[in-house]
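In this document, chain identifiers A, B, C and D correspond to the written order of the chains, with residue numbering beginning at 1 in each.
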Amino acid sequence: MSDVAFRIPLVVLSDIGRVISLMFIGAGLLWILVRSLRAKEVDRRIVFLFIFIAVAAPILFPITFQERATLIVRRLFDKVESLPAGSRVLLAFDFDPAMAPEVQPMADAISRHCLTKGHKVVFMTLWATGQALLTQSLERVVKGEFPEKLDGVDYINLGFKAGNENVLNIIVTDFRMMFPTDVNGVPLDSTSIFDDIRSCKDLDLIISMGGGKPGIKEWVLYVGDRVNVPLGAGVAAVVAPQLYPYYPKQLLGLLGGVKGAAEYESELVRQYPHLEERGTPGLRMMGPQTLAHMVIMAFIVIGNISYFISRRRERKR
Amino acid sequence: MKRQIPIIITFLIGMIMIFSFFIPPLEGLEQTCSLFFDVIAVFAFFLGGGNLMRIHLNKLRRRKKDWGFSIVTLGGFFIMLAAGLLKIGNPGGIAASPTTEGSLLQEIFTYVFLPLQSTMYALLAFFVASASYRAFRAKNREATILLIAAFVILLGRTPFGMMLTAWIPESFSVLQVPNLAIWIMNSPNLAGQRAIMIGIGLGVISMSLRLILGIERTYLGDESV
Amino acid sequence: MGFWDVFGIWLASALTIGIISFLYRDNIFYKACEAIFIGTSAGYWFIILYWDNLYRKFWTQATDPTNPEWYVPWFGFVLGVLILTRLFNKIGWLSRWPLAFIVGAVAGLYMMIYFVSNAMVQVSSTIMPVFTGSWVDIIANTTVVLGTFCGLVYFFFSKAHTGVFGGAARVGIWFLMITFGASFGYTVMSRMSLMIGRIDFLFGTWLGMIR
Amino acid sequence: MLSFPVTGQVIDTVKAVPDSELVVVAPVTSLIAADHKYDDGKMIDLSWVPSIDDRLVEGNVMGYKVYRIEGDSEPETIAELAPGSNAYNDQSVERGKLYSYFVSALSSNAETPSIRTAPIQPQREWLNIELINVLIMALVLGGAVIYFIETARRGKKLFVRKIAGLEAVDDAIGRATEMGRPILFIPGILDMDDVQTLAALTILGRITRVIADYDTKIFMPVSRSLVMTAGRETIKASYQAAGRPDAYSDDMVTYITDEQFGYVAAVDGIMVRERPATVFLLGAFFAESLILAETGNSVGAIQIAGTARPAQLPFFIAACDFTLIGEELFAASAYLSGEPKQMGSLKGQDVGKAIAMAAILIGVLTATIGEAWNVEWIQHITTGLRDIFSTR
């Protein structure tokens, strides 16, 4: 068994608050276990208290758990990883502020990954409300973290164009017809990144991140199915089940909700440890979720132990 | 007479609605019915709101237990009524939508109503935990199946699900816990949902017919039951 | 931030804590929150009903001279007035008419809607070939068909659950139990998000403790 | 009729472009306007073959514009469509008027209109033949329900198996009587325009009969005024039927608030203060299902729940003592009444289940055999079965 396969969740214990809260949860669960071994039921208020601490502690003192990517996420990660430097990747930010908490972390992680690998990235959005988010994350991730990358050479921001799936319908044959210039008014012909991109067919990978309409379905129907370019997606958790049927034929991979983002971030950090300090919001947001799920599972186990013990005692009588 | 007319009304309207499904010229009936319903609902509120006031005024008058809170309830009720009917503080004046940003109604909504609503909703997190502690116990075969299904799904949502089963080779990757969780959601869960939905569809037919044919008439206050 | 913004946040936090305190036990703060909630929300919904249903939907249509069917909404108005007859003992029985109307309309309408979208659609989408694709697909298809079939056996009222029939019904219950367990486990995450939102508000927006 | 309705072959949208630089694309062909079948005469369907210049590679078509001419009036644009489109459904027509259409293919700076269709009038149909399978099915099921009701009325004994959740009703009421604590009845949070609320009220009618006999207290807080009115009618009638009209009071049913969680806050409060011995949660529930059921459980009440919302059933199963699953909610009132004709209606719904089960069994068999051995006539059976249950 390799050392990766069974890696115990890496809990970075740097803060005293973290230690105390985790110790409290651990000791508390132990105490409850002992009580249930004596077949004593736990008051529901204690359950409430535990779940509150399990959720609040990781928010106050960031606690993260290392994830291992599932196949559906890893296939997308591996694709970005295996493309040669200089490949052309299109990232569509098809989401609005309401979806941003779930989708922004994956958008950041994927952008970071592409730029680290030296891919040439084309950014665009089909959502009017996504324009501002796109600009912000370019400022933060691209310009902030990769100052050496040049606009128009290593990446380009096409911005927003109205028309929903019609935009896709057109860029599938010709980008310039829909986007004569980039978001800043620079003609595409004068940028070197678009030297050899005429339509979507000339891209090596397309990743759409969103969860509404227009979104992944439109990209699949209007672009993915028509040209032979691998298509990946990142969506809000509620939408993910509706998109599973497209995987693996029409969708190369799919990140669902914060969990998908956290898995991607984990793989990214494992491959490029220096990226960890840039932030892993997905992993951070999964902290309270994971701890809460664990506490609930622990309570289920404890509940069953106390149930079996009390039943055995009754039988003995 | 008193008893017969409502039953005849139910029968006629019910039959018309059933057949309107197949008769295109009756397409618009559904909207008309829902308009009627909306209007009736407003009038019914005069009864409901009146009842609310009566109960709390009674509590106040008789100084029943917790009568102080009745003042709060009535106060909140009347403030909202005044704010909404007179559109107090509404930047758009009396013609604007009552929920315009900046109006007193909307301010109270944002700072009083919303936090109460979302906190009440958030209590669910606590109850989900206490319910699973109590309910997921292997008391019999059915309960054990329930417990296992829930546990697999829960595990699949944490990093441990993948860590524990990462050794399973790719050709059997469906057995890895997160994939198994997806499989459970897509197959047995789907089957159960379908059976429930088909049953509901048939149950509604039978109940609707009982109502329309006047066999079921308890709701009408029919004394003969 | 202005005074009213700060005041609003403190008020919202107080109400949040008041509701949460119910988890420990019923108390005076919860009672106060409850009273505020009932009063304001009943008022709020009446305002919405009044302006949206009575004014926008009814009044504007019923008094629009260009509307050739302006008289239709008035029938609804009459039904609405009839419901108020409950206040008078002698003619109170008239209030059953609008109720009878609603029951008839709802029963007739939903009978068809539920039948088509619940029963017919689900049956037709279960009719599918079982032995196609990989072994994973075959198992999945068989599971769906078997589960749906046995689930229906469970709901059968006319036969006691004994013998082979009882066995199938048993399998049906198992499928229902998987369905319930799985849906329960699946929703935990979204429920926790709600709590995360409130904790964020308390510790972040209110106390400013989150970095 | 073979004339272009607009003067000039090309409508120049960009005035500054000289004719030589105009990108002219081929028009669409075979444009057909037909009345939409089986409607109230409010729709016309258009279909055409896209322009030959409408292709993915080296294509010049940027989209299509659909024009409509009402009688003799000027053409008006009614839709702009994406490249690749070959049909449009005009839903803004009126019965008794004549319409004709043409479709323009758009290039980057010009548009080419097609020939104009012959004028057409939208037609009203009196029966939607497309739904004839639904009608037949509904008649079969309705007929089965009525047949069994009649059979039962004539005195034939019909067997209906026991439903655990409903067997428990009497005990639950008895328990409240013994303990001297009230019974709480929650009819869901939707209004009277939902069938589940109707089901809840029919059950209410049955159980208040028993409650009236036992002389136990029932309390029913509701979140809709209309449900309050209907609930009062129902309870009052049951008390009258039980011969105790004096024991009824309007205070048994109270309106709280229309707001979902406001209602929940109040009901939670009522539960912990009144400590009911028995709680019925029947009707349409949403997220509040678990909040109510857990609070009810914490005060030690026996809880009987039921809803037709599959998403909420797991929470009731987890937190309540008995749960009526979907169909059982609608059958409950008939079952509780114990009257033969009511029981007959349950038999009718079993006919529906038998048909569904047979269809699934035969359909899956034929689909599997048909696909495995590629037998055409067996495949026809599958398609036929699917058609019977399809709703388009």
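Everything below uses one rule, namely that contacts are C-beta pairs under 8 Å (C-beta built on N, C-alpha and C of every residue); 3 or more make two chains touch, one makes a residue touch a chain.
These numbers were taken from a predicted model, which means no experiment stands behind them.
Using CA-based centroids throughout, the chain positioned farthest away from subunit B is A. By C-beta contact pairs, the most connected chain pair is B-C.
Averaging C-alpha coordinates per chain places the centre of subunit A 31 Å away from that of subunit C.
Averaged C-alpha coordinates put the centre of subunit A at 35 Å from the centre of subunit D. With centres defined as mean CA coordinates, subunit D is found 13 Å away from subunit C. Each of residues 18, 21, 37, 40-41, 44-47, 49, 52, 113, 116-117, 120-121, 123-126, 128, 130, 132, 134, 136, 146-147, 150-151, 154, 157, 185-186, 193, 196-202, 204-205, 207-209, 211, 219-221 in subunit B touches at least two other chains. Each of residues 134, 138, 141, 192-193, 195, 198, 226, 229-230, 233, 256-257, 259, 261-262, 265, 310, 313, 315, 317-318, 325-328, 331, 346, 349, 352-353, 356 in subunit D touches at least two other chains.
In subunit A, the residues that reach two or more other chains under the touch definition are 44, 48, 51-52, 55, 259, 289, 292-293, 296.
Residue ranges on subunit A touching subunit B, taken from their complex, read 1, 5-7, 9, 42, 44, 47-48, 50-52, 55, 65-71, 241, 244, 259, 262, 266, 286, 289-290, 292-297, 299-300, 302-304, 307-308. Partner subunit B is touched in their complex by these residues of subunit C: 8, 11-13, 15-16, 19-20, 22-23, 31-44, 46-51, 53-54, 57-58, 61, 72-73, 75-77, 79-81, 83-84, 86-87, 93, 96-105, 107-112, 114-120, 122-123, 125-126, 136, 139-140, 143-152, 154-155, 172-189, 191-192, 194-195, 197-198, 201. Within the complex formed with subunit A, the residues of subunit D that make contact are 56-57, 59, 62-63, 82-84, 108, 298. Residues of subunit B that touch subunit C in their complex: 2, 5-7, 9-18, 20-21, 30, 32-33, 35-47, 49, 52, 66, 69-70, 72-81, 83-85, 97-99, 105, 107-126, 128, 132, 136, 141-143, 145-154, 157, 174, 181, 183-202, 204-205, 207-209, 211-212, 219-221. On the subunit C side of its complex with subunit D, the touching residues are 19, 22, 25-26, 30-31, 33-34, 37-38, 41-42, 44-46, 49, 83, 86, 95-96, 99, 102-103, 106-107, 110-112, 114-117, 119-121, 123-124, 126-132, 145, 148-149, 152-153, 155-161, 176, 179-181, 183-184, 187.
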